[in-house]
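The chains carry the letters A, B and C, assigned in the order they are written, with residues numbered from 1 in each.
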Amino acid sequence: MDVLAQQILNGLALGSVYAVFGVGFGLMLATLGVLNAAHGTFATWGALTVLYLVNDVGLGFWPALVLGVLVSGVMAVIVDFVAFQPIRRRGGDLLPALITSIGVWIFLLAAARMVTGATTSRYSPDAAPSGSFDFLGLTLGRTQLVSLLAVAVVGVGLHTLLHRTRVGAAMRAVGHSPMAASLGGVNPVLVVAVTAFLSGAVAGLAGITMGLNTSTVNFMLGEALLLKGFAAVIIGGFGDVRGTVVGGLLIGVAEVLTAQYVSGSLRDAVTFGLLLAFLVFRPRGLFGSAASMQTVRA
Amino acid sequence: MTDALLTIAGLKKRFGGVTAVDDVDMVVPRGAVMGLMGPNGAGKTSLVNLVTGFYRPDEGSVLLDGREVAGLSPHQISRRGITRTYQNVRLLSGFNVLEQVVAGMYASRKASSLSSLVMWPAERRERRACLERADELLTRVGVTERHELAENLPYGTQRRVEIARALATDPQLVLLDEPTAGMNREESVAVGELICSMRDQGCTVLVVEHNMRLILDYCDQAYVMSFGQVLSHGTPQECVDDPAVQKAYFGKENDASGIPALRELRSDPRRP
Amino acid sequence: MGGFWDQYRSVVEFAMANALFALGSWIAMWAGVFSMAGATFGAVGGFSAAYLDLHMGAGIVVQLLVGAGLGLGVAALLSVLLLKLESHWMAMATVALVLITRVVVLSAEEYTGGSVGTGVTRRVDLVTVIALVALVCYALARLRRSRYGMAAHAVREDAAVAAALGVNPFTVRAVAFAASGLVAGVAGVVLANLLQYIGPDTFFITLAFTMVAAMVLGGTYHWAGPIVGAIVFVGLPEVVRSYVDGVDELMTGALLVLIMVFMPRGLIDPRRQWFRRRASQPVAQEPAPQPEVVR
């Protein structure tokens, strides 16, 4: 029983990383209409920034984290401006934007490999949080706590932003129709930039916590996140922050329990099997509405 | 009706709370040019979508030549002999004018893909026959262009190409959805003449139109729909004279302003 | 010329193998199905070729036939599951399929070698690869204006209109998807032979992205598009790499973005004037401008 509880906790911690990434990825998909293959590289670059600042500059972990998140966010804004805006302006649909995102992905991945020299490192243990403590009779790593806090902050924060503020309303409106948003007196360019920034920043945060939890940072860090985050978004039902969070946590728990009780080699099988099953039999996901499916079509 | 080609009975379609087509009965005799009028949102296009299988009816039946077609999918209905044009022309981007029309011959082409692969004589013959037939049909509808991309042609020509494509399916019944929308008077007259020539070649035509002149001048009979229901039926003139129709079109029963204009339509010399 | 071939033989070979994959994706796209499942069918072809090679010493002809058949069969089975989905969900489902393919490759160890992968004896040469590409092109050129080809294009442009012309969109899409499986299966056999080693990451997301990127880059409106796309997308970086090291991927990525932004319909666009000039030579035009006036 204790093992089960402990593994569920571990699963939630793992899943929270997927969930945070998925929220950013889903934001881009649902409001900007981009199935962004390059989103994982935003996470990678966030983690690489922190790696550089902590290990080479000697900055503290927390200020480095803030800067890393900013770098990812700004990167997403630039990418959106260069690669996605021209296509959106032309009224193109998912396909051309997906292809340009593949171009961006190749570019940023290659750049990441160049700067890291394809080596794997970790945040300096002196600076980064480490160790564990007792939590209701279970062991909780400090790094796990960071990712759980991250999902709480991102999940609640973004959901509140989208549903309780004017900017959030405008962001959702942009997702449904850029025209409608501009009619409502909102500057669509600004709203798109804010959305891109948030979606990239959140991905960066996920990448940083991923590097923290696995003690490995390399140029491929974001790629696993991309696939798992994609699964979280689809399973949760995209266009819905809560759904994505639940989807991510569910995947994390499912993976850890499968590894514990069935076989470590079937971890990915569970996640991607669930992904395919949802796409085929319940495309709107756990929480998505039929309306949110319209967004991507537009 | 002795020889009904299309018989619609009790046809119903709801969208959410709105009943777009509400218990419609309609008979289109073989060889007729039937008009279908009605104000915007009367359910005319919905009816076309139901008959062609684009929508699945909630209730009711659609008989073509006595055989039920309601509930079949669009391609099955098309192969039974009902085809249509669209309110906003829907040509296939990337095809030239001839190819647009050849695309309509899908069901009647026999040569298999295997024979296309090796270009057997059968395939060559068939391709040539299709192109010749497309050429004839285009001549018949008055289109001179052949190898231009259809999307680069003027709007009126595109409509004619669309009609030629519909005729290429060898239809028994053609549903024309607002064939003169966006056309000037001369172009409309030309479409009217084209409709008559289609009838004379053995096609039955159902014309959905806003343009009452077209209905008055070229239709044998007409139905008027309003709010999803059939409001009136008879000769076009009877329909126009029907007080219920006038009310539906002009808001109140005794609004005289629109009626003389309608009456004038009668005086078109082209009418036999 | 001989020097060129010696230097770039393998570049051409890989470009052609990728062209086969891109052609496979294009065949699905022909009927409006955006699919990345080519990587899955490629895995089916590639691992079956490896198995045939390793356990039966089968020659390339047998490998190609089996790869084509299995690719076709698997695609036909999957089409039932996938083709009812709305297009974007279908596209994402094919991504999911590629992700699952890797899991299957990893767990079917006795056939695929699992995480270690498996070696393949090379049995293709450049001529065979080019001949295969030419064969596919020949077929597509013949089918372009055939009954099926026109129906496929019609379904892609407007499925509802195609249906009203008597075309069953589902059948047309299913046939296209199955045919794309056949070509991708063949491409998998070729790639396995060229690489001489295949593992779980050979037929994964990178390959899936490469084939669709090459297809879209080259242009999705003509069968020549995917071939040009594969040459530009796979061949060009290889050539660049032999002169300047390290920048080829940066260049590939930037090039892809630039072409998509400035030439959204791809490099080969049949709408473009120079491409149509030959086709639009006016034939003898009899003066028949007036509609027939019957009465």
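Note that a residue touches a chain if its C-beta (ideal position, glycine included) is under 8 Å from a C-beta of that chain, and two chains touch if they have at least 3 such contacts.
Computed from a predicted model, the values in this text were never measured in an experiment.
Visitor: Can you name the chain whose C-alpha mean lies closest to the mean of all the C-alpha atoms?
Guide: Given all protein C-alpha atoms shown, the central chain works out to be C.
Visitor: Please identify which chain has its centre, taken as the mean of its CA atoms, farthest from the centre of subunit B.
Guide: A
Visitor: Using the average of all C-alpha atoms in each chain as its centre, how far is it in Å between subunit A and subunit C?
Guide: Once rounded, the distance between the two centres reads 31 Å.
Visitor: So what's the Cα centroid distance for subunit B and subunit C, whole Å?
Guide: A distance of 40 Å separates the two centres.
Visitor: Just curious, how far off is subunit B from subunit A if you go by their C-alpha centres, in Å?
Guide: A distance of 52 Å separates the two centres.
Visitor: Where in subunit B do residues touch at least two different other chains?
Guide: In subunit B, nothing touches at least two other chains.
Visitor: Considering the complex alone, what residue numbers of subunit A touch subunit C?
Guide: 35, 37, 82-83, 86-87, 90, 92, 94-96, 98-100, 102-111, 114, 223, 227, 230-231, 234, 265-266, 268-269, 272-273, 275-276, 279-280, 283, 293, 296-297
Visitor: Which of the residues in subunit B come into contact with subunit C in the complex?
Guide: Contact set of subunit B toward subunit C: 52-54, 73-75, 78-79, 83-84, 86, 90, 92-96, 99, 102-104, 106-107, 109, 111, 113, 116-119, 123, 127, 139-142, 144, 146-149, 160, 165, 168-169, 190, 193-194, 196-197, 200, 272.
Visitor: In their complex, what parts of subunit C are in touch with subunit B?
Guide: Residues of subunit C touching subunit B: 139, 142-143, 145-151, 153-154, 157-158, 160-169, 221, 270-271, 276, 279-283, 285-286, 288-295.
Visitor: In the complex, go through subunit C and note every residue touching subunit A.
Guide: Listed in rising order, the residues are 34, 81-82, 85-86, 88-89, 91-93, 95-97, 99-100, 102-103, 106-107, 205, 209, 212-213, 216-217, 246, 249-250, 252-257, 260-261, 264.
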